[in-house]
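Shared chain: chain A. Partners: chain B in the first complex, chain C in the second.
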Partner chain A sequence: MPQVLHLVTYVPLVLLLAIMAALVWKAIPAIRYNGLGFFGRTTWNLGNLYAPLVSGHGVTHPPGAAYGALPLIVGTVVSSAIALVIAVPVAVGTALVVVEKLPPRLSTGIGFCLEVLAGIPSVVIGLWGIFTLGPFLSHHVATIWANHVPDVPVLRFFRGPSGNGQGLFTSGVVLALMILPIIAATTRDLLRQVPRATVEGAVALGMTDSEAAGAVTIPWVRSGVIGASVLGLGRALGETIAVAMVSGSLVGSNVHSFYSAFTTIAATIVTQLDGALTDASGLAVATLAEVGLVLLVITLLANIGARMLVRRVATTALPVGRGI
Partner chain B sequence: MPTRRSRISTDGPPSRRRFVGASVIGLLVASALVLGACSSTNNSSSSTSSSTPSGTASLTSLEKWPTASVSVQETGSSLLYPLFNLWVKQIETSWPNVSITTGSTGSGTGISDAANGTVQIGASDAYLSPAQLQTSPTLENIPLAISAQEVNYNVPGLSAGTHLKLNGAVLADMYTGKVTNWNNAEVTALNPGVNIPSVPVVTVHRSDSSGDTFLFSSYLTASAPQSWTLSPGTTVAWPNVAGAVAAQGNGGMVNSCKANPGCVAYIGVSYLNQASGAGLGYAALQNKAGNYELPTQATSSAAAASFTSRTPASGTISMIDGPASTGYPIVNYEYAIVNKTQSSALVAQAVKAILAWSIDPNNGNAPTYLDNVNFVALPPQVVTISAKLISKIS
Partner chain C sequence: MTVATAPAGEVQPASATGSFGRRRARNVVMWTLCSIALALVVAPVVWLVAGIVAQAVPDWRWNVLTTNQLGNGGGVLNAIEGTFLIVAGVMVLAGVVGIAGGLYLAEYASARHGSLLRGASEVLSGVPSIVLGYVGYIALVVALHWGFSLLAGWIVLSVLVIPYITKTTEVAIRNVPTSYREGGDALGMRSGYMLRRLVMKPALPGIVTGLIVAAAISLGETAPLLYTAGYNSKGPSGALTHSPVGYLTYDVFTFYNEPYKSAQHLAYEAALLLIVLVVLLIVVSRFIVSYSQRYSPDRQQRVTGRWRRGAQPAEARSAQPPLDAASPPPPPRA
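So, the complex of A and B:
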């Protein structure tokens, strides 16, 4: 019996290895065919599926097949970054108010709402994003600034027609909503562990509430908030169906405006798999496996980066990932 | 000061040997999983050559409905979906022991799901490619009806009831980003006397793998080979055009076009009523003879007629940009993608009955069904071809 338990301990490791191995195995033809240029190209071309298959780079493929992962990688990273930029301040603000300001009954209620929000299936959020949030953002929110942003490099990205509600902006907001509960609930639990005496000491020295929060409370929980943000980032990077629904699923070109259609790695895999299955050579499916590998690596890098960051700023190490 | 979190995972470092042992087991399990995943796709080679030389198999002999209860799955083309649902409603009423599920998932799914056996009937606007037939030699594509594709637009300010004249060259230039406004000289030149307002063009294409994409890109290739150099297919590498929008399914195309003023979109003719209801206009397209035709049953029928005698026994033929002077240029056979070898005799019998009933001019191909979706019935010669293909199912 202890032996069995011991083996069970290794199930996560085995699963991880099995998934990695299967992905690599499936992706081998694509890795050989696409080469390193895969990461610099923007095209997504299955080739002429009605022409006889040809051979190249040691792989049988439809003539004209060419794949590039750059737009997918950029889309994944940028949409998740937008989500973090929106979600982290809101989540920390929510947690601060809940812990420091609200009466216990109300703060319990808001905590309950956070948990319910975290439990909404992403496909429901996607539906709401298509029918309500997207049109609202493009017709009533983005229009506030879209025509007033100066036409200079970088800022130009935020200029221009605000689209139809399916694109980068809506996806960023949808992702922010999805990661907000994780970050807020974790931060709330962390804030509750900040010693009251220290905060009250700061206030006794003449600090206002917001000064005390900035000088004492927030630094106290900083590393924990970073950890929570990475949990959120991990979810945002891999979120599939909600993004597939509100991204506009535009493969084959880089995102050129804050409001334009785009795609992420995860969304591409789900929207393109059906088409890929009609490629008799199997190269299209292999390429999807390859971008799946890329997503795994990006998520891994984000986690490693976060660990290093947490270690650097960890003046006070606090439990991370409690609450939800 | 709060204390550091204690490590939860283990009480101490596990001994190195035990760890290595478990890793080896882990790798073995992992590789077994991988091998299992690979070997599961090797069962498509059991093809049986059961070609019944039945000559002109009459439809009534194929329409032998099973008496036992049986369920059949269909998925694929969103263009065929509305018609298939009309058929299914009637079939399930007449033969309550037959239950049929339908799905509007796109022709790509129709083909791949029929190939891997997930569904018995895959619906597709595109015929099977030679490469697909090579990997799945037991598949066949059976013509069910004749369909057409309209080119829709949402140009605010254009007087209602106006049908813009468009041709392959202009559409290719829109989808490659050369024509970016509706009052571009290329568009106005085709439409003398029509006051076209200045509206930026928003190109809409399908995000899923689609027979409609195959038909539209085939039209661009056939009618404007200089302007459109990409190979036609159910998935096309659309050129990078600013503001381009992708949509899923014909329903999604209608919604997307409605939401994006200035849009141009290709939509199956079975969605003509929805598209018109959404306020979208549809174009008169230039055919090979140089005439501009609207997608009506008469023009679709005329276009398909010139291909009837040329339709091969396999049913595989492109009818894009045909020679008929009064024909609409984008017409096609709607196909059922079916595996000749079904899982059981009962299922095979049901599939044969369903398909034979569908192409029967007195049943599924009757105007009471086809008129709802603006389709055209198969000509008698093609019904014979389809019946022969259906008779091969066993």
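So, the complex of A and C:
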């Protein structure tokens, strides 16, 4: 019995290696054809699919095929960063008020809300995002500042027409909603483990409860919250369907404004695979494997970083009385 | 000691900055901001659910549940059948592998071996679902010539949820008090018998909750299924390969964008069904958790060291000193 179980335990490891091997194997023609310039170009051109295939870089490909991953990588990273900037303060504030102020019955209700938000399929969030949230954000929220932002180098990004509700801003908000539950729930559980006596000590020194939260509670849980946030970042980087629905799916051009259409790696794979299959040389499909590999590397780095942070907090911060 | 440091030295300046009135004002501002954050979490959930309900319910037709998808409208019977078939298969496949893996990690694995396998499982859970779907497409659908099929969908979704099931199973088994095993040992039980009768039984609610979470995940996934299960406007044929299967999330993802009222309405109806199913699963899992806690009142506290309300040791319940005359003492934390 243990021997059988032993074999089964290797399934995740084997699967992980198999996934990576399959992606690398499939991506080899694209890696050879696209070269290092892949990460610097912005074009996304399948080439002339009706012309005879030609050979170049040791790969048969349609004439004129040129791929660049820069807009995809930038779109992925920027939209996830926006999500993180929105989600972390909201999640921490929510967890603080739930743990410190709300009666248990209400905080159970909030917990239910978080579970529902975490459980709602991303395709449903995308549906709501494209028809309800997106138009609301572009017509009623972005307009508050879009025309008043000064026309200076960095802030210019937030200036200009607020779009139709499909784009970077909406995607950032949708992603923020999707990673809120994991950050808020983790922070809440960590806050509940902060030893009562230390907080009481801070209050006994004459602090207000917000000062006690800032000086004792938050530092106590900080690295755990960072870990949960990076975990959320990993989710946001890999989120596909909701972003594919609200991003506007702009392939082949860099994002130029906070409200403009864009695309991410994951959304590109899901929206472009159908079209890529029409490329008889298989280069388009191979290129999608290559961007998939890039996405895998980015998310794995984020996830491993998060696990290390969370593990560190789990082994050092929990014993009562340490550190203070 | 690198984390969780709030040494007493840093504590002093806070109480020394600003006058009493300013500090009280800052206190109010901070809790107001936190309350706004809370509202920013709750409002979208209510808005989202209400928005979908408002779109789907006014023109709700009950025959949507009993007819297949047809042209630019029809019903979702094919998708409901397909979704249940997919979720049921994933529960069996991922359930067996995940529970077996969790059991091994909790009971048999050595520390070093265990951390390697646990790490692999955690890394696997971080692989984006579209990458899994893509690999499933090139490996199962194309290379193995299965075509869009039930089996490909099962396998890809199982890969997605196995890490969750492994994790929850391991945690559930580890949470069984050591005294249970000691009791079994004292009675001379064989280890296999003890595992079945003494360890698995109290761990069962945790394992089942993990399975329910996995069911909710596989119910709501779209990206891994699009290029593995494909889509079928008829009910599942029962064949494992060479026969695409429909599912609810596909109806939402595809028909919301069609220029027909009936198609968009179908998308909203499918979305409503998905929300109802997910909420049902959450309620069931909550019920299981509260039921199992009711019959082992001190287990969670003892195992996780977490204080539950009403189960706190006496010294932790010591009265809070009032902050000042103006503000009431903070309520005890839950």
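We take it that the second predicted complex is superposed on the first by the 303 of 324 C-alpha atoms of A that agree within 3 Å, B and C clash if a C-alpha of one lies under 4 Å from a C-alpha of the other, contacts with A are read in each partner's own complex, and residues count from 1 in each chain.
Just so we're on the same page, contacts are C-beta pairs under 8 Å (C-beta built on N, C-alpha and C of every residue); 3 or more make two chains touch, one makes a residue touch a chain.
As the structure is a prediction and not an experimental result, all values here were calculated from the model.
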Inset, instruction - Check whether A:147 is in contact with chain B, with chain C, with both or with neither, and answer first, second, both or neither. - result: neither
Legend entry - Touched chain A residues, chain B compared with chain C: C
Inset, instruction - Identify the partner contact of A:253: answer first if only chain B is touched, second if only chain C is, both if each is, neither if none is. - result: first
Inset, instruction - Using the touch definition from the top, say if A:101 reaches chain B (first), chain C (second), both or neither. - result: second
Inset, instruction - In the overlay, answer first, second, both or neither for which of chain B and chain C A:303 touches. - result: second
Legend entry - Contacts of A:281 with chain B and chain C, given as first, second, both or neither: first
Inset, instruction - Determine, under the contact definition given at the top, whether A:193 touches first (chain B), second (chain C), both, or neither. - result: both
Inset, instruction - Could you look at A:48 and tell me whether it touches chain B, chain C, both or neither (first, second, both, neither)? - result: first
Inset, instruction - Determine, under the contact definition given at the top, whether A:22 touches first (chain B), second (chain C), both, or neither. - result: both
Legend entry - On chain A, the residue positions that both chain B and chain C contact, one per complex: 6, 9-10, 13, 18, 22, 193, 316-318
Inset, instruction - Would you mind writing out the residues of chain B in touch with chain A in their complex? - result: 1-2, 4-5, 18, 22-23, 25-27, 29-31, 33-34, 37-38, 105-106, 108-109, 111-112, 115-116, 129-132, 134-136, 200, 207-209, 230-235, 237-238, 240-246, 248, 256, 259-260
Inset, instruction - Going by the contact rule at the top, pick out the chain C residues touching chain A in the complex. - result: 1-8, 10-11, 14-15, 23-24, 26-27, 30-31, 33-38, 40-42, 44-45, 47-49, 51-52, 55, 97, 100-101, 103-105, 107-109, 116-117, 119-135, 137-139, 159, 162-163, 166, 192, 216, 219-223, 226-227, 249, 252-253, 256, 267-268, 271, 274-275, 278-279, 281-282, 286, 305-307, 309, 316, 318, 320-321, 323, 327, 330-331, 333-334
Legend entry - chain B-touching residues of chain A, taken from the complex the two chains share: 6-7, 9-10, 13-14, 17-18, 21-22, 25, 42-53, 62-64, 66, 135, 161, 163-166, 193, 248-254, 256-257, 260-261, 271-272, 274-278, 280-281, 316-320
Inset, instruction - Enumerate the contact residues on chain A facing chain C in the complex. - result: 1-2, 4-6, 8-13, 15-16, 18-19, 22-23, 26, 89-94, 96-104, 107, 110, 112-117, 119-128, 130-133, 177, 180, 184, 192-193, 196-198, 200, 202-211, 213-216, 219-223, 234, 237-241, 245, 266, 269-270, 273, 285, 288-289, 292, 295-296, 299-300, 302-304, 307, 312-313, 316-318, 322-324
